[in-house]
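In what follows, chain A forms one complex with chain B and a second complex with chain C.
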Partner chain A sequence: MRTTFRPVLTTLTRHRGVVGSMVVGESDGIIVEAALHVGVAGDVVAALAASLYRKARRSSSAAGFGAVGFLTLEAEHGRLCVIGRGGLVLVAVADRSANVGLLRADMVGALEALA
Partner chain B sequence: MTLAAAERWVEEPLRHFIDDARVRRTLLLHGSGRVLAQHGFARSADVMSACALAAAIRASAGELGRMLDGRPFVELHHAGEGDQLYLAEVPTPRGPHVLLAGFGAESSLGLVRLYRAELAERLAGAAPAAEAAPQALPEDFEVDLNRNLAVLFGRA
Partner chain C sequence: MSDDVRRWSEELARDPGSRVFLQLGELLRRRGDLPTARRVALRGLERHAHDAEAHDLLARVYADLGEGERARDEWEMTLAILPTHQGALRGVAFLLFAEGRLDEAEEYLARAVAQPQADDATRAALARVREAAAAARESVGPLAATALTDGRYLFADILGDGEHTAVLLNAEGQVLAGEYVLQDGRDIAAAVAAELCGVSEEARRAMRHLGLGAWQAVVFETDVARMAMAPAPQECVTLVAAHRETAPGFVRRTLDRAADRAAAWLGGGR
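After this line comes the complex of A and B, so read on.
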């Protein structure tokens, strides 16, 4: 089933280095819709990314920093970019070659679709 | 709350599951309803009731799944206002077991599902290889259940 999120996911997955993008429920970590390359463990990444975002949001709130904007996790072999709104989080899974600036711009622009 | 296990081989895999998935209550039981381990329950009567209900729900869901989908449903989730409940079959070398986990806002369904899969892998690695899986016979059920409850609540 295709949802209104499909164009957003297609756009993100066209970025160089992006191997998958997903819309995930923030509270349950379950995939709403995903566009993933073969070999990306979508369920696993979705659950952990949503958990990470939830914890970041709570940490930010506890520290008095307000709402979480854009969350990136940089690892040895790739990056996880997460942004959320309205109980949903948009997750992009990318390797080190991805241009995070461009990706961030598209993810921020896609927030409207999540609301 | 501490973890108590009637069979040692389930203890370490379950401890990992509880820590990783951040569940508040956990039961691991044999498909027949015989409890193997518990975490988060204060009274043996609660464990006994929860085991009986979990085994019954699993059996009903299994039949319902066969009717609707041609195969049993192996996972059930209920989202309450505060706590959530997750009931799933966990395959082990000693036969299918049932996991009942209660969790709150500190965890999520996705995380619990994720770590349930890891629990199954760890149980597969921890299961005693040589020993044959004990058969759950109706005549032994109550004795087994009471013995395990006594072990879990320190009365053995």
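After this line comes the complex of A and C, so read on.
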């Protein structure tokens, strides 16, 4: 079943270097909707991205920095980009060729779709 | 779309020659909608080609996009129109500082401070750059002499103005080097480190399962700050915190330099 998130996911997946995007429940890490290239372990990525975002959000709040916005985890062979609102997180999985500035702009712009 | 964005967009639609594009572009920039902010600034410049504030706006957008060279061009254009423009003088200084060109950065900040409208932040930035330049001149090898004996100053010559800070944490979230001093003089490094070290643990855990190789950085924005973390030897973590309005590319670059410094200090390469 396709949800209202499909246009957002389609836009993100068209970015250079993006191999998957998904909307995930922040508290349980379960995929709500995903657009993934073949070979991307969606369930694993979803659980870990939600967990990382949740940890950042709680830590930031405890440290007095307020709510967390856009988050990236950079690694040798790729990166995760995550942003959340209203108990959902939007996740993009990308290789190193992705333009993070453009990806961030689209993910920030898509926040309203999560609310 | 917020009320302000809608109101200013409508005003601009009614009167394309209005200077309200400056407020609109700045609001979009602060929200991180950089492509739209750039478009607004460029369209504004079509009608206000000799407006220093318009060039300054575009420069800030480019800086946020990590396009330092273009940002520098726009700020230089701003200064050609208005040689005392505080934002442009500070902007160019920060770009030079980020490139390690401390003496040139000092010249721009000194020009800014010489103006009656200079604020405390600019004066503090000049003091910090002069301190860093002096430390660099007296440096012994890769680290300043003071940094070798007092870890609090390990990142002193790397940091920008007073609203940037860097801290080195061990695996238990304890501060090994650096400081995080608020305007009231309180050092909150230990408290922040204790809360945020869990994020790096989570990154490490995620990497074991994702098959993306070793983690290199976690960067996130909060309501008040931009935070960036990178792994250091011995399971330590380098943390850089900057004001929310600091350009993300500048924060990332500062993190790289701080992480290299931390690795050297700990006695191992990154």
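Keep this in mind: the second predicted complex is superposed on the first by the 115 of 115 C-alpha atoms of A that agree within 3 Å, B and C clash if a C-alpha of one lies under 4 Å from a C-alpha of the other, contacts with A are read in each partner's own complex, and residues count from 1 in each chain.
As a convention for this text, a contact is a pair of C-beta atoms (placed from the backbone, for glycine too) under 8 Å apart; a residue touches a chain by one contact, two chains touch by 3 or more.
Keep in mind that what you see is a predicted model, and the values were worked out from it rather than measured.
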Chain C versus chain B on the shared chain A, clash or fit after superposition: fit
Per-residue contact with chain A, leading partner among chain C and chain B: C
Which of chain B and chain C A:G101 touches, first, second, both or neither: second
Contacts of A:G109 with chain B and chain C, given as first, second, both or neither: second
Touched partner set for A:A56, first chain B, second chain C, both or neither: second
Which of chain B and chain C A:S27 touches, first, second, both or neither: first
Chain B versus chain C as contact partner of A:L73, first or second or both or neither: second
Which of chain B and chain C A:V44 touches, first, second, both or neither: both
Minimum distance between Cα atoms of chain B and chain C in the superposition (Å): 8
Intersection of chain A interface sets (partners chain B, chain C): 44, 48, 51
Contact footprint of chain A on chain C as seen in their complex: 31-36, 65-66, 191-192, 195-196, 198-199, 202-203, 205-207, 209-225, 227, 248
Residues on chain A engaged by chain C in the complex (per definition of touch): 41, 44-45, 48-49, 51-52, 55-56, 58-60, 62-63, 65-80, 101-102, 104-105, 108-109
Chain B-touching residues of chain A, taken from the complex the two chains share: 24-25, 27-30, 43-44, 46-48, 50-51, 54
Chain A-facing residues of chain B, complex: 79, 105, 107-111, 113-114
